[in-house]
Structures are given as structure tokens and as C-alpha cells.
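One chain, chain A, appears in both complexes that follow, with chain B as partner in the first and chain C in the second.
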Partner chain A sequence: MKFTIQKDLLLESIQHVMKAISSRVTIPILTGIKIEATNEGIKLTGSDSDISIESFIPTEENGIIHVENIQPGSIVVQSKYFPDIIRKLPLKTVEINTTDEFKVNIISGGSEFHLNGQDPNEYPQLPTLYTENSFTLTNTVLKELIKQTVYAVSTVETRPILTGVNMTLKEERLNFVATDSHRLASRHLPINLADNQLNFNSVVIPGKSLVELNKIIDENDETTSISVTENQILFQTKNLYFLSRLLDGNYPETSRLIPDQSKTTILTKTKELLNAIDRASLLARENKNNVVKLETKSDNRLEISGHTPEVGQVIEEVNSESVEGEDLKISFSAKYMLDALKIIESDNVKIEFTGAMRPFIIKPENDEDILQLILPVRTF
Partner chain B sequence: MRSWSNMIERQPIATKMLQQMLVRKRVSHAYLIQGDKGTGKEAIGYLLAKSLFCKQIDNSEPCNQCHDCQRIESGNHPDVHWIRPDGASIKKDQIAHLQKEFTYTGMESNQKVYLISHADLMTTNAANRLLKFLEEPSRKTTAILMTENNQAILDTIKSRCQILTLKPLSPKSVQQILENNAVSRENARLFSVVMPNLEQAMKLDQDEWFAQARSLMVQLISILQSNLDETLFFIQKQWMTHFSDRDKLNLSLDLLTYWFKDLIYLQLDQQESLVYQSYLTELEQATWHWSRQDIVEILVLILEAKKQLTQNVHPTLVMEKLVLQMQR
Partner chain C sequence: MLKWYPKNGRIIFHLDMNSFYASVEAAYNPELKGKPLAIAGNPEERRGIIVTSSYEARAKGVRTTMPLWQAKKLCPELIVLPPNFDRYRQASSEIFKIMAEITPIVQPVSIDEGYLDITECYDLGPPWEIAERLQQRIKNELDLPCSIGIAPNKFLAKMASDMKKPMGITILRKRDLPEKLWPLDIEEMYGVGQKTAEKLHKLDVYKIGDLVEADQFQLKRILGVNGERLQQRAKGIDTSPVDPDAIYDFKSIGNSETLREDTTDDTTIAKLLRRLSQKVAIRLARKEVVAETLQIMIRYYNRKTITRSITKDEYLAQEDEIFAVASELFDTNWNGEPIRLLGVTAQNLVEKEQAIEQLNLFNYQEHLQDEAIQNVIDELSTKYGKNPFKKIKDQVNNDTPTTSFQKDFLDDFKQ
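== the complex of A and B ==
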């Protein structure tokens, strides 16, 4: 293998793939970066076996030549030294070539490095994904989807399947659902599938992978194409491929949990409610599960109170837009409520209750696609 | 041991069973391979993992050429997880890592194999965690547990595994193999009794340390016969510095055991059974010093000392006590 490449481009790619590389892997080869040269360009791969990131540098882009003198081949180099070496090279271009027995030579101006590499055949083979099984989303929408659901995934490993976000495709709608069995976040998105045949209807993507993905993609109008194989999911932007393994198992049926009628409906300003609960939770924090109480009063007023016997108590009053239906006293976790309100961007929020012991639904006003559900806390 | 056909000479029954299972595609979800040191547990583990992943499998025989086989050999296969004791035991975290691994889909295929060496060294916590997914195996997962001490494995784990017992190696066959590998007859004989593991025995043969250990042992015997006042000094100065840890000291006691066993053989006039053939004159001299009664008593004392070593008695004290008792 041999090629000459622009240093800055190579460095940028290295920084992308380094995000996937962890020092705590059990498979020794995964401490390395795989470099693959073809006549089309250079591909770097990093992986910690849960997620894998591939970054592609095309030989030529818009008439500008990035890579020259390519002799195809591949090698695995140690990720501990390679990035620093490239960063500190003197010239703007760098020549990389390999010799027998997996030695890598890095030459730039007067400096010359000879690194020991590893056999590229030892590197895990990432699945080849077929583009006809994919659909596309714009980056902004994808980031939004992640932000609105991933916070609700479970962080404990007792039910591993709940540490992921369930992605389903049904009747031209894409659904993202996450729950930790105390709360649930879901987001629907109408999707135009044209005529391609997608070969999945339900997969569970690990929450950690989505958080990582969210960091990598920029917020812009470019598109990401998503495709699913038997055991991995691929998010593909222009020159970056992000692969994640899926969670194994069946995701619990969640649609039945969502009540379809309500006894009390509240419409109120999102910001005001958020701040009031935030303040009320200050004194509830001592309390193990951070519980605040909400009570409906006359004249569309809401009273939110937090109370810890050793510390004191707080009463907040919020003037809501409307309160319909039965009077209500309900307790819930302030943390869950705050998480839910934070992702609602509309000015007004609609909360539908079905009694003090039943889960309640939080939605933005006039938007049926975002739905959040919280289980109340039983207090006496 | 890169193919079943090699393995079959050493472990005919277990190999046959596994081969049949592979051919008939009736691979169980968990195996417990038990057998003494050097009986080829890990070799069977490697072979089984390769046979399960190799795509060019030829009638249960893995090809050893393809990516899958080579990466299993080098420990780089992403869907094969090999757990070895971290220090003195297998910790809960190691099993937790495995547990997490199994909630994910496979990296390359949906088949996964996990192997646990020295499964008896799992902490109770770790063993109980393991039980959880031994009980509910996910699809296409194979567990291979290996142990030298099957008594120390939880019954609940044993009952969920198919147990394969490996045949212990006979000293004769080991000696034969060693001699074929250019180890001197004398050494081959000694190794075959103290170290019935081919690879380790070969290494020991090249080892200066071991040659010295043997001559120290002969020195101790001669001091015990002539120069009683010096024994404790000798133990302090030379013996304990050479046999510096418990494992080495254990080996030294083994060497002593076989010396006294040789004395009995000599008294019974069974010269062909001798381990220390080249020290025949020293042996004959020693038979004048110790009666058969003495020898039996000394053998009991040595075994007692070995037991004390495992019970964390201070090594120097164990040796001093032993030589003092041997003088009586």
C-alpha cells in the first residue's frame, strides 16, 4: 500500500474514527485504526465493537486532488501513536507506505517514522450494507429525533433491552420509542418511502450509540441515510459511516400503555411550568425520588409544592391557560417532568391526566408527533 | 493440536463425541470440559470455536486458513470471548462485561462463543451472574467452560452444561513423546511424573533453573546424611532463595517425593522404575541411611508439608520443620 495525502484531511478523518476507539477493549486488534487505500480514496476505520466509524477521503473532490500515487492495500496501525505523529509532521502532505511484515512508513519532509502495524485481515469485517434498503433523513431531523427520545432510556442493566431506543416502521411512519419503565418518550415521523423495499420493521438501537452519533453529526441540512442489516445499523453521511450493533431481543409492546382518554386536561406555558417545577424540586431533592405534588385550583390555577420534613417546604403557583375536567392531586418525579418539559419547544404544553394513580401524557400544543408519558408516584 | 484428527490420539472419547455433535449439528449450548493440567482443554476450546465459525468446515474439521480460524487463533475474533482469571480469580466485572456483550447482536454474525478458562476460579458473585445467562441461552450462543477442579464448580452450573471429562495423560506416553522430542531419557522420565504437560515440560528441559533445582535436591539429601548441623543453614541460604515462591517450593517437594519413592523401588529391587536413574550411586548410598520404615514416614511428612503450603503456612517454616523432622 502506498499513497500521498493532504495532512489536514487525514487528521480530520483520524479524529472522527478515534471517537469510536476505546482503550478498554478485549480484542487487541481494536486498539488500532484500519487504513484502506483504493483507487477511489482512503478509508479509515475505528471500532470498539459496539460502534464503528468509517471515514472516507475521496481521491478527488470538485476537481481538487486530495490523494495521489495510490497503490491499493490496507494495514492496521496503533491508534495510540498514529494521530500524534500525523499532527506533528512538518509538511502539508504526508506519504504513507507499507512494507512486508506490516511495517508502516510515514514520510513528510525530513521526518520519517517506521511503525509496526498489524495484519488487516485480523480486523473485524464490517457488514456490507446495500443502499437500496435505506431511507434518508436530514441531519437536523435525525438529531431532533435522538434528542427527544434518548434521554428516556434506562441506565440500569437489569433489563438490557430498555437501554435502547426502539425504531419501528409502520404505515409510512417512523416511530422512535424509549422507556425505562417509569417514563416513556416517543416521536413519530411521517416518512416517504417511495418504492424501496425496507427489510426491517423493528430494531432496538443502543442509547449509548445514539448519544455518540448525535455528537458526530453536525446540525445542517445535509442528509443521512439509514440502513439496517441483521445485526448492525448504518448511518451514512457524505464521507462518514457510523455503524452500531443492535440490541438483541424483543422490545416490549408500548402502544397499550398510552391512555386514549383523559379526565383532566391542562394547557399551560411550558417555560413557566418548567421553572416552577425546577424551583419546587430544590427542596424535594433531599427526598429520594425527588417528588413534587401538583394540585389544580380554581380559576385555572395550578399549585406545585415540594416538601421535605427536615428542610422545609415550597409552594409555587402557576396560572395556566386552561384546566378542563375533574379536580386533581397528583405526585410525580420532578426530574422526569423536567426532562420531558425541556425537550418541548412550543410555547404551550398540554398535559392529559387520567386520575392520580394513572400515567399522564405530556404533549406540545398542536403537535401529535411528540408524546411523553410519566408514571406518577404514590404518596400518602 | 490444530485439528481434531491430532486431538483424537490424546483424547479419543471426548474428540469423538464433539466431532459427532458437529457433524450432526447438535451442538449444545454449554460445555464443561474438565481434565488435569496438560490434557488439552484449551486446545479443544480453540478447535470447537473454530469449528463453529469456520465457513469452509470439512466434515467437522476446521480449515485453519480462513479469516475466522486465524482470528480465533490470535484472539482477535469479535464474536469469540475468552475469559481468563484476572489475578487469582474471575471477577464479577468480567462476567458483567460478558453479560453486556450478550445483550447486543453479534458483530459479524449472530453466532457467539464464550470460553472461560479455570471456571472454578470464578468468585461466587461471578458464578451466579453467569448462571443467569447459562439458564436462558440466547440463540446461537455456545458456552465453553474449562476447569481442572470440577469439585469447585457450582452444582447449578454443572447441571446446565454438557460435561466432557478428559482422560489424564499416562506418564509412559508423555515420556515417549518427550523422548521423541530430543529430551534426554533421564529428564523425560522425571518430567513425565512431575509435569505431565508437554509444552511446559519442553520449556523446563531448556531451563537452567530446573537443572540447578535437581542438583540442590541431591545436595540436601547428602547433607541430611552426613552434615546435620548444616541443614537449616542450607535451607535458609540456598533452598529458599532458589525455590522463591510457593509454586516452585511445591515443585521442590515433588522432586523430594520422587527421590524417596525411588529409594523404595530400589529396596524392592525394581531398578527399571527409578526416576533418578543417573543418581544411582547416591540412591544406593541413601538406602543404607534410611530404613523402609523411615522412608514411609518421610513421605508422609512431605505430603503433610505440601498440604501446609496450600494452607498459607510460611514457606520457610514449612521447610525447616520438614528437614528437622526428617533428621529424627
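== the complex of A and C ==
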């Protein structure tokens, strides 16, 4: 194998596949990066057997040559050293070639590295997905869906299924739901299925996979094709192939747990509320769960307070647009509230409460597709 | 009066009730006075040991922790009563109230002893007069005897109160040490148990005076920091303050119980765990705290003892919750061998006021029942000015015999 490649492109691809590589894998060769050269281009592969990522650098794109002097072949290089070596090379191009004994030579200007590689035939074959179950989303929308839900997945393994985002397809709507059982985030997306033959209705994608995917795909109008099989999901863009295992098990039914009527409804400026809670939480950080209290006052005023006995207390007043319904006193985690408000892009946020011991709902004004829910804390 | 009080330094009382449980029983039933009396757990069971006895019984050789049958052998006319903890608690609470009238600096140590710092009490007269009045008041109002030690620090006060019983008042000054303290056997020194005494014997320390002379480095080598502290005390130095809040620095609340016989029987074990959980729950409620962590102790037939604990996301307070967690811990850690003793301890306690529990999407509806009840209570409380309801669970009889001392009730005297 031999080729000469633009250093920046190679580095970008390396960074993509590194997202799938873990030092704690059961198959040692998976700590390496597989490099394959063909006359069409260079393909890099990284995998921890839960996530597998392939990144492709075409020989030529829009008349610009990326790769030259290709002699087809393949090798596995150690991911511990390879990325740093490439990053620090002196020139803009790098030549990579291999010997018969799986030695890799990396040459750029006056710099020459000779690395021990591994036999590419020992690298596990990635499963290829043959499925009719696919649909496309623009990258911008896909990133939005991920950003609006994945923050709410559980980070502890006590209920493994909750570490994933539940993707369902129902009545021409694509739904993403995530919950760690203390808060929940959901996003709906109308989807036109007229020319698609989708037949999955509920899968659970590991939150970690979506976080990594979100880092790799750029925010643009290009599309990602999403294919689903029984136990894997594939996200495919022009030069990227992102395969993730799905989580086993049934995702809990959450829709019936979401209150459908409210007793107190608040409409208020998103930024103002966010800043007030952020400040109130400064003095609530010491207490467990970072709890702040919200109380409705007359004239559409809200009072937000935080308090730690040894430290002191803070009272924030927010003039909201409107407060309808019963008076309310409720305590909740400032962190959960901030996470939720950060997702809201509209100027005004609507919060619907049904009582101090029940979950409350946070929505952008005039948008029924985003819903976030937070469980309050109970005081003894 | 100031001349009786030191310019620097302090005056500390240690008040020690004389054979407290037996004296309380005699105060309730004067016919018992002057008779050999012992308080013991259930006479039929293994835990039927002497908890305390009157001086008349002690004269016959009856000792605390002696099995009942042995005591009866030594003193056939011995009157044995089961413990009546409500009475002792009530009496104790009265005693501490009387102490608190002298100074707010009262540190309860157990149900029947406490320290007072009377350094600032020169308005009340010389120290021994204060002590005499205190002793007389407890005698007149409660019909209970006590001994009081007066000294410049807690350790010496404690040693002093032990020197004359019953109804003694002993003053122990620093200049008295060579005569009154140092000739005592090392075993009589407060803070020296059997194990420590054995270690000290190896350094040829048999009297408290020997400890004063002992080599500092050797002491530190065999007893660590404690060796140093004991030597300081033997020299009459103890800087620890009388801390009224010391008793509130509780880190855990636990109960344990020895089984009648070693067992592997699931039902017996479950019953005991349930009983211990209930006791712990009652004590948590009394203290108005909730726990983050639960620990169980299993002692096997061969005295091998293990403790295992688990910290939960949700606070533990209710008997059912504690029992569930205790059972879970037990099931995962029991090796199947016969068990002699079980213990359940709630740890990492948090005051209810500061305890908050993040509700869970999948079970918040279970809490809603509480919410409905709470709303009604709030409403009626507003109407009638006071919570007209009492939780039935609070009325559970907690007067079961136990030899472990629980200090929770001492909160009362402060209020």
C-alpha cells in the first residue's frame, strides 16, 4: 500500500474514526485504525464493536486532487501514536507506505516515522446493512433532534435502556424521546413516508452514539440517510458510514406519564428565566440536587430562591408575561431546568404545572413539537 | 464568691446517677427500697442478663452483665424486674432539666450521667454548695441518689464522681492527684478497657501513677494517639470542653439484637430484621432525620462478624423502606451459616428539613396519595390551628427491652 495525501483531510478523518475507538476493548486489534487505499480513495475505520465509523477521503472531489500515487492495499495502525504523528508533521502532504512485515512508513519533508502495524486481515469485518428501512433527514434537522433530546438520557446503568434515545415512528411522525427518569425530553418531527417503506416502529439508540455522531456531522443542508435493522442503526452521509448497535429491551411507555392538563401556566421570557435560575443556583450548589424554589406572586411575578444554610440565600424576581391558574410553590433541580431552557430557542417559554408533587412541562411558545418535562423534588 | 473560682481554668461537675434503673424502680415503688433489686432483660431468654442492680444486690456479688441464673444463685432473694424504659427516660429528662437550671453548659453523656461547666456560676455560691444543692434537689424531687465529682476538667470530674458512691460529692484538685488518683489500678481509669489494660501491663503500668511515668514513645507505639491522651489525663490534663451539642453529633442510628438461638430460619431472620427496621424507623422519626445509607451487621455462630452497607438514591425513613433495603442487603451478603446477632444501622443522616428527594417519573404517582392526605391535613390544620391527626405508626410501643442505650430522648430537656 502506498499513497500521498493532504494532511488536513487525513487528520479530519482520523478524528472522526477515533470517536469510535476505545482503549478498553476485548479484541486488541480494535485499538487500531484500519487504513484501506483503493484507486477511488482512502478509507479509515475505527470501531469498539458498539460503534463503528468509516470515513472516506475520495481521490478527487470537484476537480481537486486529495490523494496521489495510490498503490492499493491496507494496514492497521496503532491509534495511540498515529493521530499525534500526523498532526505534527511539517508539510501539508504526507506519504504513507507499508512493507510486507506490516511496517508503516510515514514521510513528510525531512521527517520519517517507521511504525509497527498489524495485519489488516485480522481486523473484524464490519457488518454491511442491507435494508429497505431507510429514510433521510437533513444534517441540520438530525443535529437538532439529537441536541434537543440526548441531554436527558440517563448516565447511570441502573436501567440500561434509559441510556438511549427512543426513536419511534407513528402516524407520519418521527419521535425522539429521552429520559433519565427525573426529566424527559421529546421532539416530534412530521415526516413524509409516501415513498418510503419503513417498517420499524420503535428502536433505542445509545445516547453515546448520538453524541459522537453529532460531533462528526457538520451542520449543513446535506442529507444523512438512516437505516434501521433489528439490532443496528446506520447513519450514512456522502463520506461517512456510522454504524451503532441498538439497545436491547423495551423502552418504557412515557406518554401516559405526561400530564395532559395544567393547573398553573406561566409564560415568560426564556433568557430572563434562565439567567435568574442560573444566579439562584449559585447558592444552591452546595445542597444536594442543586435545588431552587419557584413561587408565583401577584401581578404575574415569579420569585425564584436558592438557599444553603451555611452559605446564604438568594431571591430572584422575574416579571413574567402571564401567570394563569392556581398559586404555586415548587422546588426543583436548577440543573435540569437550565438544561431544558437552553434548548428553547423561542423568546418566550411556556411552563405548565399541575401541582408541587407532579411533573411540569416546558415548551417553546407556539411550538408543540418540543416538549420537556421535569420532576420536582419532594421536601420532607 | 469569686475567690472560690479559678482565674484561669474551669470548674467541671460530673454527675453520675447511682444504680439508676434500680433507683428509679425503687422511687416508683418504695417497698423495693433496701431490698436486693436487679433489672434484667427477659428472664427466659439468652439476653436475660443483669442490666443494673441496687447496692443491696451488689453487696451479694450481683454484677452488671451477669447472667440471671448466676445472680439468683448468689442472691436467691433477688427481686428481678424487666426494664421500663419510659420511666427511665422520663426521670433522666427531669434530671437534665434540673441540671440545665444551673447552667446551659450541660453535656449529657448517657441516660444517667452528664457534665456541667460551672466556671461562670459564681453568682450561685461556692462549687461544693452548688453540688450539694443539685444533689439534694434530685433526691428531694425525684427520690433518686447521685454522685457528683468536682474537678478542673472532665476526666478528673469523671474519676471523682466514681470515688464516693452512693450520694457522694468528691472534689479532685490537681494537687490531690498523687494521693487520690495515682494509687488507683489502671483498670479503674476512665478510657482504659480490658484490652488497653493488658497492653499497658506489658509496659509495667499497673497503677495510674505508673502511666504518668511511662515512656512516651513506647506508649505511642502500642496505643497510638490514645496512649498520649491517656498519659495526659493521668497527669490531670484534659482540655476537652463540656459540649452541650456533642450528643447531637450523631452519625448513625442503629439497633442490634441477639437471637434466642443461632438460626438459619428465614422467618425468624425476617421477623428480626423487621423488628430492627421498625426500631430504627422510630428513632429516625424521633430525631427528625432521614438516612442516605443503610448498614447491616451479621454476626455468625462463631462470632465472625460482617457489616455491609448500601447508599440509596432515595432517602430512607419509613420502616418498610428500611426493611426492604435491609432484607436486600442481607440476602446478598448472608453466607447461609447460622446467625447469632443481626444489626440494622441508618447512616449519613440528613435533617428532614434539608432532605430533598428528586421525584421519579416512573413512581411519582405513588407519592400523590401522600399529597392528597397532606392537603387535607394542611386545610384542617389551618382551620383548627393544629394538626388534628396523628400517625398511627408513631404510637407503636417502643418500650421493648434492649440493653443498648439510646440518647435521642435527651433532646427534650433542652426545649
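Points to keep in mind about this one:
Just so we're on the same page, the second predicted complex is superposed on the first by the 279 of 380 C-alpha atoms of A that agree within 3 Å, B and C clash if a C-alpha of one lies under 4 Å from a C-alpha of the other, contacts with A are read in each partner's own complex, and residues count from 1 in each chain.
The definition used in the following text is that contacts are C-beta pairs under 8 Å (C-beta built on N, C-alpha and C of every residue); 3 or more make two chains touch, one makes a residue touch a chain.
The model shown is predicted, which means the values in this text are computed figures rather than measured ones.
Of the two partner chains placed around the shared chain by superposition, neither chain B nor chain C is touched by A:110.
Contact with chain B, but none with chain C, is seen for A:245 once the two complexes are overlaid on the shared chain. After overlaying the two complexes on the shared chain, residue contacts for A:182 are found with chain C alone; chain B is out of touch. In the superposition on chain A, contact is made by A:50 with chain B only, not with chain C. In the superposed model, A:230 makes contact with chain B only, not with chain C. Applying the stated contact rule after C-alpha superposition, one finds that A:26 touches chain B and leaves chain C untouched.
Note: no residue of chain A belongs to the chain B contact set and to the chain C contact set alike, using the contact criterion stated above.
Those residues of chain A whose C-beta lies close enough to touch chain C in the complex are 179, 181-184, 252, 254, 257, 287-289, 291, 309, 331, 333, 355-359, 373, 375-380. Taken together, the chain C residues at the contact with chain A in this complex read 290, 315, 317, 350, 352-362, 364, 367-368, 370-371.
Considering their complex, residues 67, 70-71, 74-78, 81, 96-97, 99-100, 102-110, 138 of chain B touch chain A. Only residues 26-30, 49-50, 121-125, 127, 157, 160-161, 163, 206, 230-232, 245-249 of chain A touch chain B when the two sit together in their complex.
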